[in-house]
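Below are two complexes that have chain A in common, paired first with chain B and then with chain C.
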Partner chain A sequence: MNKRILTRSPRNLLFLFQALGIILLLIYKGKEVDRLTVGTAVGLVLVIYLSNYILTRITRGDHYIFLITTMLVSIGIIMIYRIDEALGIKQLIWISIGIFIFFSTYFIIKKIRIWENLTYFYLVGAYLLFIITFVFGDRRHGAINWINIGQFSFQPAEIIKILLVFILSSYYSNKDRWKDIKYASYYLMGIVYSFILLLFLQKDLGTALVFYAIFLAIQFIYEEDRKLILLNIGLFLIFGLLGYTLFDHVKIRFQSWLNPWKYIERQGYQITQSLFAIAEGGFFGKGLGLGHPDFIPVVYTDFIFSAICEEMGIFTGIGIIMLFMIFVYRGFKIAISQGNKFYRILALGISILFGVQSFIILGGVIKMIPLTGLTLPFVSYGGSSILSSFIALGILQICSEEIKTKEDLDEARD
Partner chain B sequence: MYNILAILFKYIFIIIIYLFIFSIIRLIYLDIKGMEVISFDDRAYLKLINRKDSLPFKIEEYYIIDEVLSLGRHADNHIVVKDPYISKEHFQIVEDENEYYLEDLDSANGTYLNGDKIYDIVKLQDGDIIKAGQIEFLFVNRK
Partner chain C sequence: MKQEIRRIILVLAGLCLVFISLIVYISYFQVFKATAIKNNSYNKRLWINEESILRGSFLDRNGQTLVYSEKKDSGYERHYLFGRLYSHIIGYSYREYGKAGLELQYNNQLLNSSENAAINELKNLVSPTTEGNDIKLTIDHDLQAKARNLLKGKKGSIIAMNPINGEVYAMVSLPDFDVNSLKEDWKNITENPDSPLVNRATQGLYAPGSVFKVITTAAFLEDEDLDTSYQCTGTANVGGYEFSDYNKKAHGSLDLKGALAESCNTYFTTKSIEVGKETIGDTAEKFMINNIIPFDLPVKNSQFPYKGALDKTELASASIGQGKVLVTPLNMAMVASGIANGGHIVKPVLVKEILSKEGKVLKTNTTEILSIATDPIKANMIKEMMVETVNSGTGTKARIKNVKVAGKTGTAETASGKSHAWFIGFAPADDPKVAVAVVLEEDDSTGGSSAAPIARDIMLHVINNIKE
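Right after this comes the complex of A and B.
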């Protein structure tokens, strides 16, 4: 029995990790924990274990990406629950819904084969979501990017991110469709820049940066008109400088990056607390529950990484970075071996999305690059972030399989 | 009491996380190693000249010629190409006493060897270019 659990299969190691996490949190929180929470947590562990097992049966594609993400999710939720129980329970529910959404996305994308041709639909969807954000939006932490529906609040930009990847893939996978339109690539660039501008107006700088990175990367790989790439980089520099001189909130971010100690009372407070926390932890951390992650503002979303470093050690932090690196590597591998061009660009876009987003926020909290508010995919607390990440994961899972196009299926019938 | 436990657990957590990462890397390594590279040293093969992603159908980069290699739209061929310019049975390459012969199988749009349409069986030389529809292959035989 013991021997079976300790076999070196990553699935079992993950199970062991989660089980130990639950035990430790139970001891830490003592009598405060109610039975329902324990039940949900144990249920989720079993669901993750089963999902990892089922995936090896139902798909011939990649088996590692889901394993990696469930590990990230587990590290994240242990930390979130330790910081704030109520949020931990909510996160537990979000993750359960996320896994359900992952499988639904997988089956929906697999059954319906018209995704290449819906470019206009994605465009309209993206603009509609932007309009909704501006009309019903709510300002939080300095950015208008939340919509409240009853008790739930959600961030439309998380969905638009995925729509952007779809727009780019459906454009570059079938350029013949756009032959009649002169300067089609310029129009595309205009559209993406309008997205970035709208995000900028919402003061959501991090997401704007992610959008730009995805666009530049896919344009760099697939655009035949190489001038456009230079133009794109040039425009970015110009807009960056303009933003820096015209808008105070951009300037503040920059200054508190260059020298946070000077502004430690206000703008530099978050970043200095984050640095203190990481330094406090050392290589092996303080131990769960023995640090003070609550000193950092918004610790459960943007600064979850610092809290993990403080209590679980820099080694766990490096582990998280390695997990993201393997994940992105798998994503690129999936893209390279995918034969269908649309799904290849889709896989590429999603890998870049996760890679860039995690880089921006991890670099931000360790003061390597200026800090912009973003969630760490799969680790941070947040309903819309978890859900959109799992949707993207489901799409990546589909891309890892051999795609039979409609013509293939028709001819097989002849 | 809890403090000792928490300190113990933090080491266990780190060990598990790293074991997890290494077991995944090991599995990926085995996966990559499994895709063994076929050695082309002393065998004749066809190499695709077109860029693979410029063709709107499934095709491989290399095809090893093992006694006989046929190309066509029908599923019984060794190379199945879903291209309307390719006939159901388009051409085949046959090996006979270490020589390779190209034969057109009455295809509608013909097979071209180094730019000339072929009508009968033609002996292949190393470096010949075979064209059918929009696909171009390089024949390689380094023996």
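Right after this comes the complex of A and C.
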């Protein structure tokens, strides 16, 4: 009887995982089990269990993407709480807000049916956000990509990412709208490149790469003018080489990837600390609370994966990689089953966004590719990252449902 | 429409591939790279455990303390009592410069911690470790000091070991450095063209010159059809290259024994062609050339690349220890030990015992035979030839009164024009107590004149002073 309840739904397995993680956390805390920890733990379990439950009631679309997300969120928050309790509580608040925003996004996108026509609105929005970043921007970890509002700070690029997906979707889903404009696809490419250039100027190389990858993939699938794709790849290589020769910060990243040990005191410090952590963890990890993830700089955000590998082992690390892979797979499945082209491209864009972003930061912290600072979606600490990821997830959730087009609705009314 | 789906699946496949490559890479990293990275001295985790543990001491074979740690207010302070004498054996352990030598190789034992993190954690829960284990070396401190004095002012290496059980009594490599003033001298040490950080005994690859003839002799004995008689005229042409003896001296009529005693180059170069590279190469490998030598310190492999293209001249050069042959001094000490020990080559040992702070023996190193280089009858024949070398040949300066000494000298030509002086040997020949290898790097003297007397003093000291 018990066994059946536990394994009947993945929701319960997730609960089991959280329970184990929290028990470990309590053991690590030892005698000083405080109300705070217990409160946070109960909060986490409740928020995630309930939201998974509610989701199954309100939508007949895909339930797995949210499940995968909550699993990632759980691993992330257990790790963050273990490193720094105050941040863990903050993260729980962000996650709760994030889940709320996820549901809000879901309903807003569902009710309003004009999203495919707002291309210019997205464009203006994106440029405005860029301007705001440059005017009010704050320098952090060498990149100007934060703005402060009161005591909160957020990264406009997180929102622009989603706007980019909307721009691409609204453009490619209805090519007829643009047939009067000659070379419309070239203009689009120019616009995306202007985004990438602006990100480059903010020294946010990771996000620039994500933008490029989303654009290239969507272009590869939908662009009729195939020459343009080759041009896109060619231009990227040229700009990449140019960036490498002109900008020191690009060169430094590349060199500290090739041989971080040579620059271990300076630019290679972060990556080598990350490698120490992963190496120490082995396959099974040192155990929660038994490692030293605090030795890694910016461990809560960019390097959360290394901390997880140190204490939970690379088996958990591989688990995270596979969760992202399954997430991307579900996203693509959603896209393929979606009849409405706009929502199909939207689903693709968001899946590629998560896939590429997680790959770039995971590959970076394990030194498979040069390191560029990015958050690991849903796992890393950070308000704007969590919120924008949940917005994107809400959109993907909508895409997993059957969308009635305007025409369908009109027909139904007749 | 169909094309769209095809392209979507292509992109999905690409993304999946990228994720799988992550999994493959991180697994590869964990299996092949992680161990080396973990032990990098910049890994602060290594030090955090150490700061609460009294690191173990080093003792010589007689129990004399060489290195110890002491508790101070600011933590533990490590004292190296003989800063230079053990710079290549014990090495050092500093936060800034990491670890070297036995301090590195036996780090876990010195801290009494396991390599397995989980076991450590469990152990710490039950009873936290506060004291590490002591390490007792096979080194005899007096002999080590004497060996260094004998080598003083020169470059090179001396090794003295027990040929029967492999215990190393002394191992010196010069130039060395002072472990105590590492901080002040670091720049000088690392930039010195004579590389004082390198342990020449295990890491130095030298042309062996005529000491290699011991191996060639063993190979000649393997070939029963070989006509061992020879008429030496002082020069011999092999494969278009003229080999000559020292000072072009003609040795006249020789057998193998006389050839080794007189170190006749033309004899060995001529006969090596008849025996062939396979027999010589196989024999060399039985003497651990080209093979990994397991030891408490990292050892470079000696080289004799006979399996590739090796023409007659190159083979002839190799037979007298020139050309493509390169050896470590430790390997040559093991060659001498092998002959002394009836053809059995034993594993060299530097750490005799690991002791707990209470003095309980936790681990003892046992004798292990690495290779059977030749049979006892042939070993005995080679020994007699080496005795002849010391009694009346090139090695007379290694003679000890009332003790039968076996040895072989070598003078290896180098690219710089300055030759290495070599001596390998053992004594007493009929009941071997000690085997030695001495190499004086670019000393521009003959092994018989400069290396042999040093070896003699070392052997004499062991016979008179070291009890097993």
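The working rule: the second predicted complex is superposed on the first by the 394 of 414 C-alpha atoms of A that agree within 3 Å, B and C clash if a C-alpha of one lies under 4 Å from a C-alpha of the other, contacts with A are read in each partner's own complex, and residues count from 1 in each chain.
By our rule, a residue touches a chain if its C-beta (ideal position, glycine included) is under 8 Å from a C-beta of that chain, and two chains touch if they have at least 3 such contacts.
Computed from a prediction, not measured in an experiment: that's the story for all the values here.
Asker: Record, for the superposition on chain A, whether partners chain B and chain C clash or fit.
Answerer: Taken together on chain A, chain C would fit alongside chain B, as the superposition shows.
Asker: Per the contact definition in the header, classify A:Pro10: touching chain B only (first), chain C only (second), both, or neither.
Answerer: In the superposed model, A:Pro10 contacts chain B only, not chain C.
Asker: Is A:Ala335 touching anything from chain B or chain C once the two structures are fitted on A? First, second, both or neither.
Answerer: second
Asker: For A:Phe295 in the superposed arrangement: first (chain B), second (chain C), both or neither?
Answerer: After superposing on A, A:Phe295 lies in contact with chain C but is clear of chain B.
Asker: On the A-aligned overlay, A:Gly287 touches which partner chain: chain B = first, chain C = second, or both, or neither?
Answerer: both
Asker: When the two structures are overlaid on chain A, which partner does A:Ile264 contact: first (chain B), second (chain C), both, or neither?
Answerer: Touch partner of A:Ile264: chain C, not chain B.
Asker: With both complexes superposed on chain A, which partner does A:Gly355 reach: first (chain B), second (chain C), both or neither?
Answerer: second
Asker: Just checking: does A:Met71 make contact with chain B only, chain C only, both, or neither of them? Give me first, second, both or neither.
Answerer: After superposing on A, A:Met71 lies in contact with chain B but is clear of chain C.
Asker: So in the superposed three-chain picture, is A:Met322 touching just chain B, just chain C, both, or none of them (first/second/both/neither)?
Answerer: Both: A:Met322 reaches chain B and chain C.
Asker: What's the minimum Cα gap, in whole angstrom, linking chain B and chain C in the superposed view?
Answerer: 5
Asker: Which parts of chain A are touched by chain B and by chain C alike?
Answerer: 284, 286-287, 290, 322
Asker: Hey, which residues of chain A end up touching chain C in the complex?
Answerer: Checking each residue of chain A against chain C gives 217, 220-222, 261, 264, 272, 275-276, 278-280, 282-284, 286-287, 290-292, 295, 309, 314, 317-318, 321-322, 324-325, 328-329, 332, 335-336, 348, 352, 355-356, 359, 362-363, 366-368.
Asker: Along chain B, where are the residues that touch chain A in the complex?
Answerer: Touching chain A from chain B are residues 2-3, 5-7, 9-14, 16-21, 23-28, 53, 58, 75, 82.
Asker: Quick one: in the complex, what on chain C touches chain A?
Answerer: Interface residues on the chain C side: 4-5, 7-12, 15-16, 18-23, 25-27, 29-30, 33-35, 37-38, 40, 42-45, 48, 117-118, 121.
Asker: Could you pull out which chain A residues touch chain B in their complex?
Answerer: Per the touch definition, chain A meets chain B at residues 8-10, 13-14, 16-17, 20-21, 24, 27-28, 64, 67-68, 71, 75, 284-290, 311-313, 315-316, 319, 322-323, 326, 330, 339, 341, 407-408, 411-412.
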